[in-house]
Amino acid sequence: MNTILALLILAPVVGFLINGLYGHKLSKNLSAVIGSTAILVSFICTMLLYKTVPETGSRIQFFNILSLEAFNLDAAFLIDHLSLMMMSIITGIGFLIHLYSAGYMHHDKGMSKFFAYLNLFIFSMLLLVAGSSYTLMFFGWEGVGLCSYLLIGFWFTNGEYANAAKKAFVMNRIGDLGFLMGMFLFLQNFGSLDYSVLKEGQLHISSGMATAITLLLFVGAMGKSAQLPLYTWLPDAMAGPTPVSALIHAATMVTAGIYMIVRSNALFVMSPFTMHFIATIGLATALFAGTIALFQNDIKKVLAYSTVSQLGFMFLGLGVGAFTSGMFHLMTHAFFKALLFLGAGSVIHAMSGEQNIAKMGGLRKQIPITFWTFTIGVFAIIGIPFTSGFVSKDEILNATYAFSPMYFYLAAIGAGLTIFYMLRLWYLTFFGNFRGTKEQQDHMHESPLNMTLPLMVLAVLSIVGGFIQLPELFHGHPYLNEYLSPVVKNLVAEHGTEGHEGFEWALFGGTIVVLIAMFAWTSNLFGKKESVSEKYSGFAGVLENKYYVDEIYNFLVVKPIEHISVLLSKIVDNKIVDGMVFITGKFVTWSGTTLRYIQNGQTGFYFLMMSIAIVVMLAYNLLFKL
Amino acid sequence: MLATYAFFFLAFIAIFFALLVVFSKNPIHSCLYLVLTMFAIAGNYVLLNAQFLAVVQLIVYAGAIMVLFLFTIMLLNLSSENEPVKSNLIKFIATIGGGSLLLVFVLALKKTDLGPAPLMFPNPNQQGMIQNLGKVLFSEYVFPFEVISILILISLMGAVVLGRKDKKVNPINE
Amino acid sequence: MISLLLVIIPLFFGITSFFVKEKWGKTIALISSILSLGLICTGEYFHIHHTQNLLDFSWVKEKNNGYFTLLSLGDLGLALVLLTNLIFPLIVLFQKCNTIRNAHFFFGLMLLMQAGLNGVFMAQDVILFYIFFELGLVPAYLLVGIWGNGEDRAAVSFKFFAYTMFGSLLMLVGIIYLIVNAGASHPTDFNNIYQAAHLLSSSQQVWISVLFLIAFFIKMPIFPFHTWQAKTYATAPTSITIIMSAIMAKMGAYGILRFNVQFLTLGWTMLEPYIIVLAVFSVLYTAFIAIKQDNFKYVLAFSSISHLSLILAAIASLDLNTGDLNNPLFKDQFGIQTLKGIVFQLFSHGIIVAGLLMIAEWIEKGSDTLDLNKMGGFAEGKRFLPIAFMVMLLGSIALPLTSGFIGEFLLLNAVFHYNYWIGGVVAISIILGAVYMLRLYQKSMLGTNNGNVFNGDLTIKENWIIIPLMLFVIIGGIFPNWVNQFLF
Amino acid sequence: MLKEVFIDHYIYLALTLFCIGVLGVLIRRNAIVLFMSIELMLNSVNLLLVAFSSRMGDAAGQIFVFFIMTVAAAEVAVGLAIIVMLYRNTRSIDIGDANKLKW
């Protein structure tokens, strides 16, 4: 088991080192092969681990990183069902995306660099989910932030892309700060950052302290998983190559926050306030991002806001106590959102780099494989019954209703928004007439097999992914819940869903009705559109401009900081602090020039002064000292 | 008893002529008064049983140094006519300064405890005798003694160099 | 014995260098610095095998008083001596010979500085400490004044010198006060001073502490005393800037640990609350300033202040026993841990800032400017420079798996342990650090070019200069335990 | 009062002579008289040293006086030479004229 794990973790590092150090000497194909093989090895190792891992999980220690008086950090990994599930998602989807990238990035000269970064990312992500302590999780946490930075800014010669990368990193850092503070507080209370202290009922802290720790940890999750108010980096992160968006900004990295909360669920359940707070933030994010997505014209932006919104759903699930539902949605979302992003990448590829859906239309004939797989993705995300998205979202909505009906109605509206914007995207892209240029139409072609193969695999997963946990209504069995039960205590399962059967039927029926209505409405609206307006007015305009959040942040945070910086450096530092030093110097010069006139060359005068000084000193001693 | 009277007499002489040194207009007179003061001090040395020093005082000060002064004054042909004078204000301030210096010294002395106060006379100590001094000087202080001879030599040369008539080493005029 | 050699060798070669032909200057400096590198490696070997007496240098001071340790390689100073001698060969290699006049004097002075720095960290006697402290300063003054860039180098160098000298003199007053209190006839070694200092009353300790603190604050530098620094860093030849920021600045922290924390414990504990506030303010103040600086080296200068202020904050968060000499200095294990963190961070910061300054110099050499607004897009077509820069930058912003993280994690933890709110506020620096360092990277390496072009990459030689530093940054982050055994 | 002489009397005498010397330096401008005043001060100090030496029974004080006299002789020799130079150059021995050494 140790060897397998070591191989699992180190394979991406080896890939990273080969591609990073000798990439310039390798051919593009070789880089891609090396990069993908590394992840394939990891994936196979993960699969091998499934058999050997005991139910309670096993902690595997390699060496001691740092041992100090009051702090110990081992390079140890905790392999249990939760981390194994995450590792499968990461390496599995990671491998597919590597495969896809080999085709997608074929024209880019920085291919080896790209694969090096991707491998480094997988390594960091594995560290994040497999590490056996919060410190190791933080290692991965910041590591994936770095890779995200590097990959968003992959085409760094474009200043805007580089800016987006910086923004992502800095916003993540804000979250990391919260995470770090939470870690310190945790360390102080429990004396260790190892997960082994996280045993339910053994955490002897006040609920206030629990709230403080969990809130701080959640700040970290807000940054990494793009929740309000720290979500703005994620849409900008679409500047990166599309496989990156699929891997990092949809399937894996952004779900780190969810994983972290599920991992520390024993702690989070101790603070009802935090749970409520998480649910509220999740719900608000789901709605907020959902509304923004309604009027975006950039295909990747729509998907980005949809990701933010879906992440909000996951947090809502966690907040209401349905940890496994959150994890379940994480998994299904990883499937269909990766699929959607890769599909979008394929569309962009076909459209020679065009990302604006206002310039697309009617693509279903030219790129059938992309169309069909994309359609499956859309169906999954909007919740066509029995697709994976339907099952997992259904579970979250159920749990939410048990938590608070009010939250449920709002969440349902959020789900409705999802249906609307996804269908809008779907219709505008694949139906109607082509609205792009002539050249684009001529160049249009279906992507090569190594790009469509991942699409097909993911499409299958998007459909069947839900079957592991069909609602009991349809005689399903919660396999996932059972599988995760050693790690996660599902609160909703405790309450039982028996009394809710009627409600579940109502929800199912409602979903179908809404879906049909939405199909009809959106098909009417967007199905045969000849042209799409690029600018919206009124509230739609506000939505199109993302509620002007970036502008507000810019005005409230960025500009003031810049002004403070200039003020401090130009005025305070230069004029006041240095001025003081300057004045001291000036005073010395001035006193020198003034006092030298006392030196008038008259010996008699000197002598007189000397006598007077002697008199004064002696007199002072006589009067006050003796 | 005799020594006591002698002390007061010599003290009076010394102070009186010292004042005359300072206040007489003519430098030659000043110089001669100074010789008298030196004599008075030498007398005091005798009273203090420091005969060797008394003799040296007479030879060096009254004999050598004062002659040097007189020669210089005469060489420069100075008299009371071309005597520079200071303004009265400065004289006044100076007098106040000197007076208050004396005052402060005296006050300081009054406040100082000098310990048991044996009479100065009669003085049984014999270390002022030339034999004793010689022993000390050529045993314990032989090195400073030799060094001081070098100093004398150097000052001799310095005086010669300075007093030489040489326009070229004349920084003030040029 | 090793400690004595570590002072004598640079001193000897430094003075020798003044009398040789110009072209031999660099060779002599290289020989000397490699010798001292070898010495420190030997020293580390002895240190690990606990043969301390081979490292120390003792002297019979008076007939009946027995031996006194004058120089000792160990304790707090070990890490910093190691740092000094590790990066000195690199600095010597880094300094180009053909860009300076009278190179043999330049290298000679540099070696004198090395002797002074080594001495400061090893001295076990206050007067010796002071002498070495100044021995490090005077060559720096000359090096900046004579070989600096720009017209106003003399003025800049004078400001630097006057400022530091001012602090040194205050420190001298403090040292004399301590010596007088230890009894004038007693030897001035640290042991005696330590015992004497602990007998002082609290108000005396506070006053003496302030005297020392001003000197060390100027050296580090910390907020109100930092204004000499940025200009000096930008003006000095880069190799000298590296010595100043990587090693000389550490003298301040070392001095605070030695004199304020160890000797004047009572005074330090009384000043602690004020100092920690000052330090936190200094961290944020300089970080904010660094955000909008347009000069590459200025950003590095202010970031250096920010990092060192964090170290100061951690030092001020130490929980110390006062009064009885028999008690251990630290109240609990946590204090020792923090001290290790501080020393680790001093070491790691030295390495990182040295690497960043080297990169600054190469960028300036390649593009002929340090103005960020004229750079841009330098990463294009280069292989090694962006990687080297990125690794150093990651160390500087304390990314995990770099040595910077280990240090900053322990420091932030210490401050947080002291007070949640102060810890929370000072941790904002990790955000600001990311902001200004990434801005630096972006403005120089990414985006489109804005004027000055930088063609070509680092030369092979330059690669080999920076690779050891990069390796340390990474190894220090992954195997800090292994590194720690050399530091303590 | 006038019956016995203690060390105090010598101190008063020396102080008085010294202050007269100081007064002389302060109120006179003639360089030679200034010099004489300085000699007066030196002598007062000598007197004090001898008085104490005599009282303590220690010869060191008298040795000191001996040295002081020697130094005084040397000083006068050089000093007078300087004054002669001064006169030669400025045709005056007014100490106020020798004020070149200033800012």
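Lettered A, B, C and D in written order, each chain numbered from 1.
Note that in this section a residue touches a chain if its C-beta (ideal position, glycine included) is under 8 Å from a C-beta of that chain, and two chains touch if they have at least 3 such contacts.
Values in this document were obtained by computation on a predicted structure and should not be read as measured data.
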item: Chain D and chain C - chains in contact with each; value: A
item: Nearest-to-centre chain - CA centroid comparison; value: C
item: Cα-centroid distance, chain A relative to chain C, in whole angstrom; value: 37
item: Inter-chain centre distance, chain A versus chain D - centres from mean C-alpha coordinates, in Å; value: 92
item: Chain centre separation in whole Å, for chain D relative to chain B (CA means); value: 5
item: Computed distance of Cα centres, chain C from chain B, in Å; value: 62
item: Sites on chain D at which at least two other chains make contact; value: 22, 26, 29, 96, 100
item: Chain B: positions in contact with at least two other chains; value: 86, 90, 93-94, 97-98, 101, 105
item: Set of chain A residues in contact with two or more other chains; value: 604, 608, 611
item: Touching pairs among all chains present in the structure; value: A-B, A-C, A-D, B-D
item: Chain A - residues contacting chain D, complex; value: 596-597, 599-604, 607-608, 611
item: Complex contact set, residues of chain A against chain B; value: 604, 608, 611-612, 614-615, 618-619, 621-622, 626
item: Chain A-touching residues of chain C, taken from the complex the two chains share; value: 159, 162-163, 223-224, 226-228, 285, 288-293, 332-334, 336-337, 340-341, 376-377, 379-380, 383, 387, 394, 399-401, 405-406, 409-410, 412-413, 416-417, 420, 423-424, 427-428, 430-431, 434-435, 438-439, 442, 445-448, 478-481, 484
item: Complex contacts: residues of chain B adjacent to chain A; value: 86, 90, 93-94, 97-98, 100-101, 104-105, 107-108, 111
item: Contact set on chain D toward chain B in their complex; value: 2-13, 15-24, 26-30, 32-33, 35-37, 39-40, 43, 46-47, 50-51, 53-55, 57-60, 62-63, 65-67, 69-78, 80-90, 92-94, 96, 100
